[in-house]
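The next part holds the structures, each set out as structure tokens.
Same chain, two partners: chain A is paired with chain B first, then with chain C.
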Partner chain A sequence: MKTKLKQKSDAKLALALLFPSFALLLLLVAYPMISNIQISFFDQPINPRLSAKFVGLKNFIDILTDAEFFKSLGITLLYTVLTVAGSTIFGLAVAIFFNRPFKFRKTARSIIILSYVTPSISLIFAWKYMFNNGYGVINYLGGDVLHLFKEAPLWFDNPVSSFLLVVLFAIWRYFPYAFISFLAILQTIDNTLYEAAEIDGASAWEKFKIVTLPAIMPVLLTVITLRAIWMFYMFTDVYLLTNKVDILGIYLYKTAFAFNDLGKASSISVILFIILFIVIMLSRKRVNLNGNG
Partner chain B sequence: MAMASTKKNRAVKKVSFYIGLIALLAVSLFPFFIMLMTSFKTSREAVSTTPTFFPEKWTFQHYIDIFNPDIFPYLAYFKNSLFVSLTASILSVAIGIFGAYALSKLKFKGRVTINASFYTVYMFSGILLVVPLFKIISGLGLYDTKTSLIITMIVQTLPTAIFMLKSYFDTIPDDLEEAAMIDGLNRIQIIFYIIIPLSISGIISVFVYSFMIAWNDYLFASIFLSDSANFTLPIGLNSLFSTPDYVWGRMMAASLVTALPVVIMYAISEHFIKGNLTEGGVKG
Partner chain C sequence: MIKKGLSLVLILVLAVALTACNGSKQSSSDGKTTIEFMHSSVEQERLAVINKLVAQFEKEHKDIKIKQVPVEEDSYNTKIVTLANSGKLPAVLEVGQDYAKVMDKDELIDKSAVSKIIDKVGKDNYYEGALKLMKTEDGKSFTGAPISGWVQGIWYNKEMLASKGLKEPKSWDDILAIAKVFTDKGNKKYGIALPTVEGGFSEQAFSQFALSNNANILNSKGKLNIDTPEMKEALTYYQNLAKYTMPGSNDTTEVKDAFMNGTVPMALYSTYILPSVFEEGKASNIGFAIPKQKSKAVFGTVSALTISSGLEDNQKKAAQEFVEFLSKPENMTAWVLMSPGGAQPVNKKVTENPDYQANKVVKAFGNLSNEIAASYNDIQVFGLVDGKNFLKMGDVTSSGAIPKLVNGITVGGKDVKSELKTAEKSLEDVLKK
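The block that comes next holds the complex of A and B.
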């Protein structure tokens, strides 16, 4: 009886405490998402004085028959796979490398994380300067000093080298996230497990497979899922770095604010949301999505 | 003999470890090094086709220039960024504390569902919401105001704050609260007298990360702002980049000063506060 009463008062209090957060997110996330669905059925120009026209499923049909959309989807998937794999594997390797006592460990760890905490805009200026065709240090080092290439690549001028550049940038910028996540879990692994494996004659790779991998699995899955979602919806880094790689975020942005077609942009949002929703549902069972770690 | 060789072996291992470490740190730091050195180079040297690592002639002119409003509107952008980021992160943390407490410590129906929905929002990306948010902001007459940016920034900072704060509150044992209740404190008092003081380092970390997210935003600023008087740093600097008269040294100086607030805040939360939250889930 008493506990029941307590639960009831808990529920009331919870409601009150959650209300501001809940209301804000309802207003700023849930309502806009529903509004997305509504707008996606209209031909909606950006100018609010021009009225919207109901066009049914035309926007969806337009997109699903647009070769540009599928090209963009393909680029985005490739970008996501490469950057997630690259940043996760590199982050894990660095974490294993760091998982021992050494001098200046804490300082070194902070330096590694620097690229992750610095604002995109600062890093992007540095990269644009480093990879500049004419006076960039990368072409100078790669061409004139190390002779890696005969003709200096015009990094920002063609889609392939631009794509390579945004992938490299993302791996460099986001591997520290994987690194800190893995370093924390690696420190919890009991050293005697490695010693036991060593006595059994396990090689370094076997030790990784038998001891390390199972221990880090939950973190690995979470890191991959979150990073994949965030990379799939990337906009800023790629948009600021080059105009040659039209990932879906940029395709959507351009449709809305360059081609002035809000309805079509909304239907892209709806399609992308459906993809996100499916991924969340699929990953839910395997990944701890309850926010407990 | 055998002992000498294992000793030698260990020395080789140690040396190769430190060589690896230095190479790794070089990869991480190289762009920062280029940024720093370029910011001290003359404009002419910065575009030399045989780039130098260290400036031949050191100049501090670029740092003087970015703080001169006649040359460069840097300070105005900086102030706008600071205002928007501070307001959004303070609001997010203040509101988030109560929401996160309810999700972490109170038992009620629908808790799991609400928790899951907050987590979904946490994974959400601003790009999916640009069209309706643009309509809502224009409809409210908030287009081209800093308020529009503060409101929409909460889309990103609030879910992150709730998610991080909740995982922090989860580590506080329930016994503490039960003891406090026996002493006659109610839930609200518990939040203020027990939960907040105990997790102050976590709260500061959450604030720093919220601030980082807001400080980094380019997307919303590019949609909601049109008057350069309202520009925040990312959009302001990028708009200067497209003009023909940008100066690399100046841009690099501006980039470094832009990075400074978050790097300093991060360093403080990392080194002077124990039990920081970098190990938790951080958005970005």
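The block that comes next holds the complex of A and C.
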């Protein structure tokens, strides 16, 4: 009886202590989310003194019947897959290469993460200048020095080359994140495992497959999941680099702020949330993020 | 004890939540009326000028306090939307004529308060062209009190033109002829720096050619009227002229750089090219021409001060007094001289002001300064038809259909007719809403 009473009061205390953070969470996460869902059913004017008109599912139907939305969705999925795969593989390769002692290793590591820690805007301007049609260094090298092309390609004006460039930019910009994560876990792998594998006559690929891959699996899955979420919602990098690649972030921005259609914009974010939610649930079901099973 | 603690925490959290929700609606504690003033002058030197003006105003009006909200230009409109939506729009806002239309559409502007200010300042003192840009659709009221502006036209390098025995371009044909003479693609020399980017700059530049050929986007009834022979003619001309410009999407940076480094003898740009020209000591070598075919068309924009709707009486009064104060000739002059040469006077009293005339940049351009000020009378913009400033033009511009069209026929090398049809279709969809 006594213990039961004590348990009860413990639970109360726990609740009391949890309450502030719980309330804050409700205020900062749940409230905007519910408000967002609510707005998605309205034709919402910017002026809050004008009454919003309830339109039911119209915003959702408009989006789901808009070819542009599906085009953006397709581009975004391709963009996400390519950049996540590219930055992860590249990050892993560099991490494996760096996971050995050599001179100036610390300096080299700091240089590697430079693209990740520099603010987007300065990197984007640098890229825009590099690929500038008039005085860009790429066109200078390719055209005037190496004579690879007679007339300089319009890098950011052609949808295909623009897409490839934004993918390349994202891989280059974000691979250090994967690199840091992989390097940390690689350093925890016991060297004796590799030695044992070597004694058994394993090739480099077999060593990677049997020793490295299982060991880094938890980090690999986390890196992929997080990077995929971040890339799926990407806006700034692509928006500032070119206007020829309409990923979903840009489609959303154009709808919300160019047309001031807040209801429609909210419904897009609800749809995006549902898509991402399904993808994450499926991936969680298929793979255990803790890597234990 | 726990219960007590729990209720205490609850009260605290509620208090925090309520303060967060209450926001910063301009309040009047300590007997003073506080109003917010949102503007885009974030640079230190500009802020210093505005701080001085605000301090002067507060000295003259002891019961009013001005809280400044400087916002970067890039996120300015987004900020207006979010602030308006949460009911926290500042009392006084600096706003361009296009966005004023968007705000007016959502009834965010107190037009009667603005009109009273314009009456007080004196309608006749404003340049007619500047004032008509701020007129409402019914022509009876104004969406903001103009404070400064800029105009856009063709700048030409006098020496370069003279070296080939050419004179100031007066017509479409002249411009094309000069552009042809100077284009030498092999040596990366071009005839004219022309905006071709898929962005507002191209719409503004192209509008000058379209309007000088009497082609507007809307007709006098406010209906979409884009697929006309005049519009096709203007588009075809622009497409031809773009053959003599730098390859790719040219935005402000490319156009300005090309003109400043001598790659081109002509550039379509705003008066904001003048400060750089002055810095390089080439003020006497630049000329200003206006595209002319059936009529003359200068593109221009006006930056105005507007008052948001739904204010309490004391705040409205304070806002009106503040805008009136800033619209005094000497204060408008101080505002315009924050970027001499770039920002242009919209009020004749500023042009006549001794401080303005004594400014070294303004003086350096001599007669050109007067020529530019006078060009306000030739201002024509899309959506302004027979003195009616149609609100829906705000949606047309926001849709980005015109820049897409201009970019498509120039950089994309697409057919004028089919691109025009595409633009018409997307604009029809936009205007249907």
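The criterion applied here is as follows: the second predicted complex is superposed on the first by the 241 of 293 C-alpha atoms of A that agree within 3 Å, B and C clash if a C-alpha of one lies under 4 Å from a C-alpha of the other, contacts with A are read in each partner's own complex, and residues count from 1 in each chain.
Note that in this section contacts are C-beta pairs under 8 Å (C-beta built on N, C-alpha and C of every residue); 3 or more make two chains touch, one makes a residue touch a chain.
Since the model is a prediction, treat every value here as computed from it, not as a measurement.
Judged by the touch definition given at the top, the superposed model places A:134 against both chain B and chain C. By the touch criterion defined above, A:113 reaches chain B but does not reach chain C.
When both complexes are overlaid on chain A, the residue A:243 reaches chain C alone and has no touch with chain B.
In the superposition on chain A, no contact is made by A:282 with either chain B or chain C. Residue contacts after overlaying the shared chain place A:229 against chain B, while chain C stays out of touching range. Looking at the shared chain after the overlay, A:260 reaches chain C, while chain B stays out of its contact range.
When the two complexes are overlaid on their common chain A, residue A:217 makes contact with neither chain B nor chain C.
With both complexes placed on chain A, chain A has more residues touched by B than by the other of chain B and chain C. When the two complexes are overlaid on their common chain A, residue A:154 makes contact with chain C while staying clear of chain B. Judged by the touch definition given at the top, the superposed model places A:45 against chain C, while chain B stays out of reach.
Overlap of the chain B and chain C interfaces on chain A comprises residues 13, 15, 20, 24, 46, 48, 134-135, 256-257, 262. Residue ranges on chain B touching chain A, taken from their complex, read 17-18, 20-21, 24-25, 27-32, 34-35, 38, 46-51, 53, 95-96, 98-99, 101-103, 106-109, 111-112, 114-116, 118-136, 138-139, 151-152, 154-155, 158-159, 162-163, 166-167, 170, 187, 212, 215-219, 223, 233-234, 237-238, 241, 248, 251-252, 255-256, 258-259, 262-263, 266-267, 270-271, 278-284. Against chain B, in their complex, chain A makes its touches with residues 7, 10-11, 13-15, 17-18, 20-22, 24-25, 28-29, 31-33, 35-36, 39, 46, 48, 94, 97, 102, 106, 108, 110-123, 125-130, 134-137, 140, 144, 172, 177, 180-181, 184, 222, 226, 229-230, 233, 235-236, 239-240, 249, 252-253, 256-257, 262, 265-266, 269, 272-273, 276, 280, 289-293. Those residues of chain A lying in contact with chain C across their complex are 9, 12-13, 15-16, 19-20, 23-24, 27, 44-50, 132-135, 151-152, 154, 156-157, 243-244, 254, 256-262.
By the touch criterion given at the top, residues 2, 5-6, 9-10, 12-13, 17, 20, 77-78, 81, 84-87, 102-103, 106-108, 188, 198-199, 246-249, 254, 257-258, 263, 309-310, 395, 398-400, 411-412, 430, 433 of chain C touch chain A in their complex.
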